[in-house]
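Pasting the structures here.
Next come two complexes built around subunit A: one with subunit B, the other with subunit C.
For the complex of A and B:
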């Protein structure tokens, strides 16, 4: 692992052949080729995102707009116990076995035909973990004969696929500092790559790469300007370049040292440019007036070389963020034709309400437009995609407050974002992105009467509110070439689950009200729904077994929304928690 | 009583009928002893072990909420023993009520409101069964206690904040070896100054004087780290709570670190009082605790505790008015 690893398409097959030989004794080892082809194959799901690019598009047509009304449950599997909250996991399927993670750092292997448990793994979490945003987990990675996932105490766990026995456990960051791993790790050519969530003092968002086989460290890349990245040679950390060139270019004083920017949602892989595309969190501290400057690379999207962690390009959606607009949302690679040439693009729908189309070869801004109905913090984007700030949309400096509560700034969208973590999907047939979004706003005011750890404190008060009386969630079909909203479906509660598209002209997503729903991808007509008994805030998958098409989704209300409440609490207060894996299929006799 | 009955019933239902009689007898004694501790029912129903005064007295111990790693107020020594001013006051409360003192360690959250929710009124969602009976070092401020949210609800209605026992304030310490005269805020236009990350001083120093000090502010994990940095010459001053400053100055006798008579123009809270909190349904427990602390303030025991920790004791406004001992 010390030599530089082969880059690009020519050398990769050689490495893969060697790898394939090495692990061929295991009958059904998952290879990197399996992952590279995951979006084309229909009998398994071996990546988070149903393809390394994260398009969440299945080429299956067995289930389609004509017969989706015959889709029916075939089994359900309970996560058991009392840990019934916050299920945001996407299952994986390989050789008739489903691998699914649950809240509180648990994982199961389940017979995909019957729903019977094969094994269960429950991480022993230490007392005193403090994850910021519920006890969720967003899914596993699978490679060779192992499955992997991250835990709330910021470890990576490698388990034997067949037995669930621990192969290795690697501490990635210190949970006592408030770190946790909630996202699904990604495997790129034998490297297991993850970001880390949270962190209190002095946190600097960092991307970590490990050898998937052994758990050995391969490289680390801090995402905040001024911090050194490392590659590991013979177990020794070797300096590999300072992020952003040097410290202090876009941060005042020593603030880059505690810059934040946690890449907590993980990333996707673009094979054409051999890049990990990953987003970074908002900068710290929260008060933007204390850190004038762009604060790179907070609230940004990065293209990282998976071989050594070098940053190839960056695009910052929210410079000098003052609204908690994390830039972590997924970047999905897609191609389109323009004037006879193929554009290698990538799309992302930001917390800040804007949809961006970037050139994924160099990170250049191609176009951007609002996908949220109302945005108050910026008046638009300039030709480079930089926001045209609205000075009245920025919360005031608490240090300027004297005496009474400061005047509230109404900011659209709210800090939970016009779109949060829950992934959108792309349809190769319609050429549209299907965005699970929310219409909500926040009031932020300076709060002179506040305290922290026994001391007076200059806090900001904020409350989150629905932007409309009758709905918060909006599932939108958006044309990435024109910005046109082709259709929308409104939902009373905020949408917090991921979206899936299929070649059967179907769009699937869940609602906190408990439904898994199917829509016509072209028209937005709601075609099917099933109430799973608890809120669906996870992402569905589809695959084929013995000629029949299956759909699975995890049900279990939770995540960040119920923790923040505000006036949104009124909408969600009656939702019950849960933990159930539901599997549906279209019986053979209804397939055409 | 209904709790005990419920548990017994539950246990009865769970057992085979032939064993029921003996088991029920055992269950009763087990349930009685454990309910007194509040633990069994809490675990069974996944809700906080909210203990009223009777239950606390019956159990023989009291859980005192203390911030962890927070010298000179509360911290654990090498052997894990609770140390510091708040720990000593906690011991005095326990002794005054004839109870065993048990520290309940609190990791500070993003705001006092969160700490109260996670540790006093409802428990953290990860540990819903664990709460303190009484929490120390809770600012005593009517404006905070009666703060309302946007819908007009009292934000902190599920706790009672009571029993002010100390006046706290902001202060500035400087390294006298680095200045000709006593340092003021303006001195740090040309020298570095340290502050604990994510505190009022961190915000204040980066904003005051039109932001001119901003580039000279160094942020530290806590005030102890800031003093270590001043000892090594990294910064020439530190802004923090007066109690912390007095404590760490005493810890660095080899250096000429001095408290400045600094003023902080434009700061929104220069001084505030420190008290305690209990759940709003446990006022009776609050009165019992308050009586012990009140006596300690009036009879000077509290002053002795502060003195033993090398701190100047400052009485809260409330007492200063009654006892006429304005500091």
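For the complex of A and C:
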């Protein structure tokens, strides 16, 4: 519409004016080049994933295994209010300002030196939001003079970086159908791309692209077979091909119409193939006997052309998924050498317990192996990466038994996954992936179900149990070339935070017990820990300012585990909620 | 950055002090406030500028109830039908509200002779309307409203309604012809919006910040308005426009601090 009107001669509060002045001196527009180089740049973090490929590897060596014990907090910032709930956000840093999102669709700009708040934005949410797995947010995107994030009522908000004022807000999908946005959006060459959550409510998973500057819709791509994708030309939706070619190839009847597959975790970008690598969620309903067939492209990884939303290739980890093994987990691009040639690979650790290495140029399966200790639903993978199903591992068909309920099975891993949303990291030095994983199982049974808008669409009952008495979480260092587990670190509570690696031979991750911890990347030795006062289920970052190396992480227990964790409650019931952004640094005098 | 910020802060403070000193003569020339409000000079300086030429005027007529039965919804009408000058700008405020400013109205392609909007009142207070004429002088009308108070810090009715989002942004309104054959148009419109002031615990500020009236046919702007936290929930606006809108209709455009755009076509 129009520029905002000045309010008479109303003067801004003095401090605000001065602060805005100070920032504007420093604020530079964030370019796509900044993002493409984010994994090489040490003085800023302008992408979710610390690089568009999502490796979460920092080339900084100032902080290393020798001096990490001197890492200490320099400031902490409270998210305030009564809205303490799960905090899964990765902060961004640009020009000495940190941008961080929090529970209930809030965002803050904070002085990265002092922790002083610059501005705060709180989305006004309708009471009827339906996030399945806590009111969390996983982070922002930054581009030009704006910062962006998605809200629990499935909207995208563009805020002015300096003032926090809303530049535009866009409804992406209908929250009353069960849609929500919790993942960090990604910017690819001026296009703001997001998925939506809602697979538990029978929505059709869709990827959306918008013009980052204006908020105009650019394309939509449903990820379930049979649904039409669109590109927008002069504001008009133009048909751009049916996903999967046509309806009914891998879905029976009209089940594809509420097929789920929500790409709720967003994606990463591979510059070499100009692809958005994004995962899709579980098919709906959970009861797989209602939808015999592979149910493409649910529980899959997709390479999508960011220019028009076309699907270049797909890899389905769990065909005819009957265990809620969403295929959303991050696909991380990495290169390795084999027989003198460079392999352009991508790796992903699935909820279903298998680790996959794919050729990211064509999606072909290179190799795969279990990273979880026990998998019951499949006996292994064939040469194309397709699971060798164990018929005993699938919950029984309710039609085969008397009464409503099908036969229950004890399935490993549990539906919360051998690894959930929390991103792993790749070290370019060790060549290992560091996977925050969990050892748990579930009893699961199927029931009849029919679709109703906005209602849970599961057709299954379940309860989760720890697989071992003394630990659930396992931080694993895994070799993507051999499948070897080089080291592991066991944790009593399930791991729900992301991992970061650094060239200082360090691995960082948080625990629900409240600790941010640092490990030796080579040996797995625990070198440092700090209790943040509430569970850490977010992802740390590191960067440097004025020659000193900083580490930040958000603390605040919550997420899906306390809501869905079943018997895990015994372990986690006494954890308190929070909402605090912690920043640490290695003081100059300890740097070597 | 921190160092620079402090320098900038210091400089601003110094400039402000200087501004205060030089404005002293103008301040001294302000007329006495018949209501003897403690905020009289402060708010004049804040909203009209430190050296504004200000006079009381009985042609700036403010109509409010003498007692605010409902402190969250106090009807206010600014009647300028007897105002002898051209109207460049109208600024209203409630002296003792936490954020006193209510609205700033700027007529553009249409003269506006009456404007009405309901407001919140935090405690018994003087209410002001200042009108800027074509010479830049300000004409101030004042009334006193008794109130039990709390209007700005009470939760909105919206906040306790779980279905508020269903009616959010709904606009009810119409154009009316004035009686007596006078040319002109009355626009009366209510917008469903919580207008949260941000002063209630755990309910962030969420309010309409700008309003525009445009001629539908050619998009010509008739008037624009800026609103602050003193405006009431589900605000009811009335404008008497010296403008024949029967032919082309009027477009109402609203934007809140959440970035929501509300658009409504009146008349045609």
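We take it that the second predicted complex is superposed on the first by the 539 of 592 C-alpha atoms of A that agree within 3 Å, B and C clash if a C-alpha of one lies under 4 Å from a C-alpha of the other, contacts with A are read in each partner's own complex, and residues count from 1 in each chain.
Operating definition for what follows: a residue touches a chain if its C-beta (ideal position, glycine included) is under 8 Å from a C-beta of that chain, and two chains touch if they have at least 3 such contacts.
Being a predicted model, the structure only gives us computed values, none of them experimental.
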item	value
Touching partner for A:157 - first (subunit B), second (subunit C), both, neither	second
Which superposed partner A:62 touches (first subunit B, second subunit C, both, neither)	neither
Contacts of A:552 with subunit B and subunit C, given as first, second, both or neither	neither
Partner chain(s) touched by A:113 [first = subunit B, second = subunit C, both, neither]	second
Which superposed partner A:449 touches (first subunit B, second subunit C, both, neither)	first
First, second, both or neither for A:123, with subunit B first and subunit C second	second
Which of subunit B and subunit C A:463 touches, first, second, both or neither	first
Contacts of A:135 with subunit B and subunit C, given as first, second, both or neither	first
Subunit B versus subunit C as contact partner of A:399, first or second or both or neither	first
Subunit B and subunit C footprints on subunit A, overlapping residues	82, 127-128
Complex interface listing, subunit A residues touching subunit B	82, 85, 127-131, 134-135, 200-202, 252-255, 257-258, 285, 287, 289-290, 292, 397-403, 443, 448-459, 463, 465, 563, 567
Touch list for subunit C against partner subunit A, complex	1-2, 4-5, 8-9, 12-13, 16, 46-49, 89, 91, 101, 104, 106, 162-165, 168, 194, 196, 201-202, 204, 206, 209-210, 212, 224-226, 228, 253, 255, 257-261
In the complex, subunit A residues that touch subunit C	1-2, 4-11, 14-15, 17-19, 21-23, 25-26, 81-83, 96, 111, 113-114, 122-124, 126-128, 153, 157-158, 165-169
Subunit A partner contacts - residues on subunit B that touch it in the complex	46, 67, 70, 73, 107-112, 115, 124-127, 137-139, 141, 143-144, 147, 149-151, 168, 170, 197-200, 202-204, 206-208, 211, 214-219, 221, 241, 266, 268-269, 272, 274
